[in-house]
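Have a look at this one before I ask anything.
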């Protein structure tokens, strides 16, 4: 149940020249992604796979929150297709959740974790039974993810605003270790962009020319108290990232084909401008009464309502 | 020697409608600026006055640091004309340093204080004798300014990155109190723009439509460790402020006429986009061996060198 | 401007009559279901927003700021009544604290509200440099303190805040334990010249102090029960638990003093020394790391007061642990912060 | 990339042969004058950058980060030798700490350096959430701690950091007092699995420990002098002052134990209890608020160790004061943190 740290592996083996560690840069031997998409074309199978995975995320989120009796349905629902795409081949991960040269995913909007745990169980990183005890005493799965207790979680989060800095550190470290194909993904909330530390990290990412860093903004139009532009403006998101030295792409965050096309055909990670993908989404997507609702950032569906809502999801 | 707080004045006098305090909005009765420039035209007298005042700042900085035996010459020298212009009529201040409706000046780059104290003494806000004991035990004048001990200092500073937030609070408060002509000025360093809190404040200023807020960036090209673009990029400053919803003007920060024209002809403070003035300057301006030098962020000129440098300044 | 009531902006109208304009209707019909709006109404002791709204009716100095958490802390209650004096800064807590400092220099008394984890740790430098050092009257409503956010985990817990704040000159720290003491603390400190950190719970705290209770007085330890066998020092959620434990002990003939050490800074050393005898027994229970909080304040007070040979036990989060994942009440039970935990620790201490 | 040596970028070449490329020449000829480069060389005990540069020769895990302060903390010494493993993040301390945490997950051991005021208070949440909670081996070089920045004033002072950090689970806190103990602390903690906060002075500290001294051992109080009349507990700058005071007392026939309580967390309670007798006298002198720091740790240790009736005196920054403006040594004298101050407080305590 405890994620082993990379700290123990690979160091001290050889000296290496200064600034580069001794291990040989990795091969793909370990990669076992579900379905690695070819460059450019997005197959119908892949789209179907992403759709199925997103549906699974939405269903499981309802089931898990029924255990917790409180949770962030809507923050998961806006990100369901994004997460499904990442875990359907966009991310370079392997059977071993601690494979050193894997891509990393930093859940900067850590409250999306309840939607990620089912993906980790699906991949066999964690036991399915853990899901049934989500948030119960002694269980490692909380509302925010814990890297030390949950294999497949690359960093502990919960405090908004930290994740992009983590990503900068990881991207810099990946370069230093010579992991030329490793990409660092950071999932950010849109209201989260209010945090100043995001911009400290953004400036550093472009200054250090970390083209192996990809930030995905879940542009679901809302924070906790309401519409982002009403609570505290974050627009123009594209303009802000560009002014901080980033490349920016925009994509429909609920369109599996578009997401797959964007996220699986990125250039090889290297040196250059980091990339921000603005995923246009709807907070609560998939459940009518939750979509862009001001009262559903946090909530709980008791069994009867949960069942009714699951039916609504199935019919979609 | 202790600055009285506005807290004690004016409140509780009348109830006022919600959100607006009872005091009548201020008149200009209290204003006694040195020379209030007319809109548009900048007189030769004003230019000469600014030049003289900037020269005084540079001289006094050398004298004061001779007492302290350590100080920020170059951070003052890039800002000398800016400060001189603010204190030559751009700022709406009065004989009483605590006049409620005065303009405020937040020294976000607080280490410029040694260049401001002589201006406060010149205006009679503090006794000239205090300057002679700059940084000595018991003296209120330190490397960073203390609003509680130094009349004329509107906020205590020293930690970079805080000042624009202070300014947002003051601008919001000025509006709430009905001080329609009060403007809040914030002097920022360029490397200081690395601090994330600056951008938290920047977004809030435009969101709250604080057109009574004016940020001046001392674009002296350097932080402490070297060139800003080498240490950690801050460019494009204009692009960043614009993306955060600000109007931006650029000006030669060592040209008294240009500064006066810009700073004394701003529209009445009101509702709308806040204004950022990028003042292009040279760190250490006026002393050849200090200009854009990497070793002179901090330093000390012992008497012989101080005298020699004063002569260099006089000949300029 | 965030000062004005949200004007709808594309939201459908509410079908719940008690929701402010712009809320959408939640669908649930199962009575056990709830959404954010319903959750807000479950927080019966989260009355700071409401109390400030009342205080502000007659006091134009009061303004309220929050950081995208107006429903969680119910400063929305203030916003409804005083929209022009309410400022939502988005998720930018540090800016919020410093902005409040700027407003304070114009004579306002700003109340800033966010989770205690962010109010204390994320804003530590702003509290020190912008509030405590210049001595500005900004009040920090640090809600969901300790481990009140349960399975949100460490990022949302604040079990280090008292340690930080006890070392901060000019800072006043008060921990009310229920609605009435929260109201009293707000009223008592209105004219405090310097900053205040109000450490608040999650809003589900049962009543301890009767309405209008004179017993809760900022700066003075409240002796809620008197007894010579043992002194229990409590704070926040442990006050009610300590009283319950004391009642059980009383039924067994053991007499316990229960102190509410709500004001952690400045600490009422005299009040404590009056209540603890040399050679006596003291049990401190707090929702904080066992190092640096109330227990430390007590030990220092006794040592300085020359009260020696006190048998001392502490309940809190162990020195080198971060709390597990679980609902708050389960965590309170796990860490012995509930009545049962206090009772069993008290029994052990009495047997020593 | 900040990793490479600055390439000149418009600067004229240095005329001082010992300056790295890109430095401009300072004009001064008066021997008492100095600039940043000269000031750097005056900081003889600021050897962390140099020590790390040496350690890094054989250890590829070591990387160093700073926030536009490489000259003030002399991590420039590290940059010269290992430019690719040096990262300047500009004035963005919070990002620096979290970025280091990200690097640590790849097996690196990052050392982050900035003024203690910012390393502790500004980054408090990052230290807790990103380093201590996940237990990552990031080391914080918190230099110019306490009031070492003298007339820079409160914004640049750190007299609350120990209070904060003592309540932080998983955190190790060590305060070396000279060059040798700094080097030892760095070496001793290299393999520490969790985070470390190294509280450093301004780099002008005189030698206390001889080179290669085995007496300085992280985690254990160092007894630098033994005597039965009084125990002085010192830390950081007060160690040398305490030794000097003890020497004066010895000349008068009064025998003093001097303890260097350099490891504040975990605190060596046993070591302290071994050195302080019941009924004895203890004087604690520290460059910190008198609440929450070393003195608090001592009092708690004694109370837990059952050592009662100890007459205790504290020297530090008074509970509700921020230090005045003055050069550091003047402040040390003013607050009684120098040999004279310790001596006179010791005399008073002995007379009580």
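Letters A, B, C and D mark the chains in the order given here, with residues in each chain numbered from 1 onward.
We take it that contacts are C-beta pairs under 8 Å (C-beta built on N, C-alpha and C of every residue); 3 or more make two chains touch, one makes a residue touch a chain.
The shown structure was predicted, so the numbers you read here are calculated from the model rather than taken from an experiment.
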item	value
Length of the shortest touching-chain route, chain A through to chain C	1
B-D against B-C, pair bridged by the larger set of C-beta contacts	B-D
CA centroid of chain C to CA centroid of chain D, Å	33
Gap in Å, rounded to a whole number, between the CA centres of chain D and chain A	39
Chain B residues counted as touching two or more neighbouring chains	146, 156, 158-159, 194-197, 200, 203-204, 207, 232-234
For chain C, residues that touch 2 or more chains besides their own	2, 89-90, 92, 94-95, 117-118, 122, 125, 129, 133, 154-155
Category of the chain touch graph - line, ring, star, complete, other	complete
Residues of chain B that touch chain D when the two form their complex	68-70, 110, 135-144, 146, 156-161, 191-192, 194-196, 223-234, 288-289, 292-306, 308-309
Touch list for chain D against partner chain C, complex	117-118, 120-122, 124-125, 128-129, 132-133, 154-155, 159-170, 266, 288-289, 291-293, 296, 299-300, 302-304, 308-310, 312, 317-322
Contact footprint of chain C on chain B as seen in their complex	5-7, 9-11, 15-16, 18-22, 104, 106, 146-148, 154-156, 158-159, 162, 165-174, 176-177, 197, 200-201, 203-204, 207-209
Residue ranges of chain D touching chain A (in the complex, touch as defined)	1-3, 58, 60-61, 63, 82-85, 87, 89-90, 92, 94-95, 98-108, 110, 125-126, 129-130, 133-135, 137, 193
Complex interface listing, chain B residues touching chain A	194-200, 203-204, 206-207, 232-234, 236, 239-240, 242-245
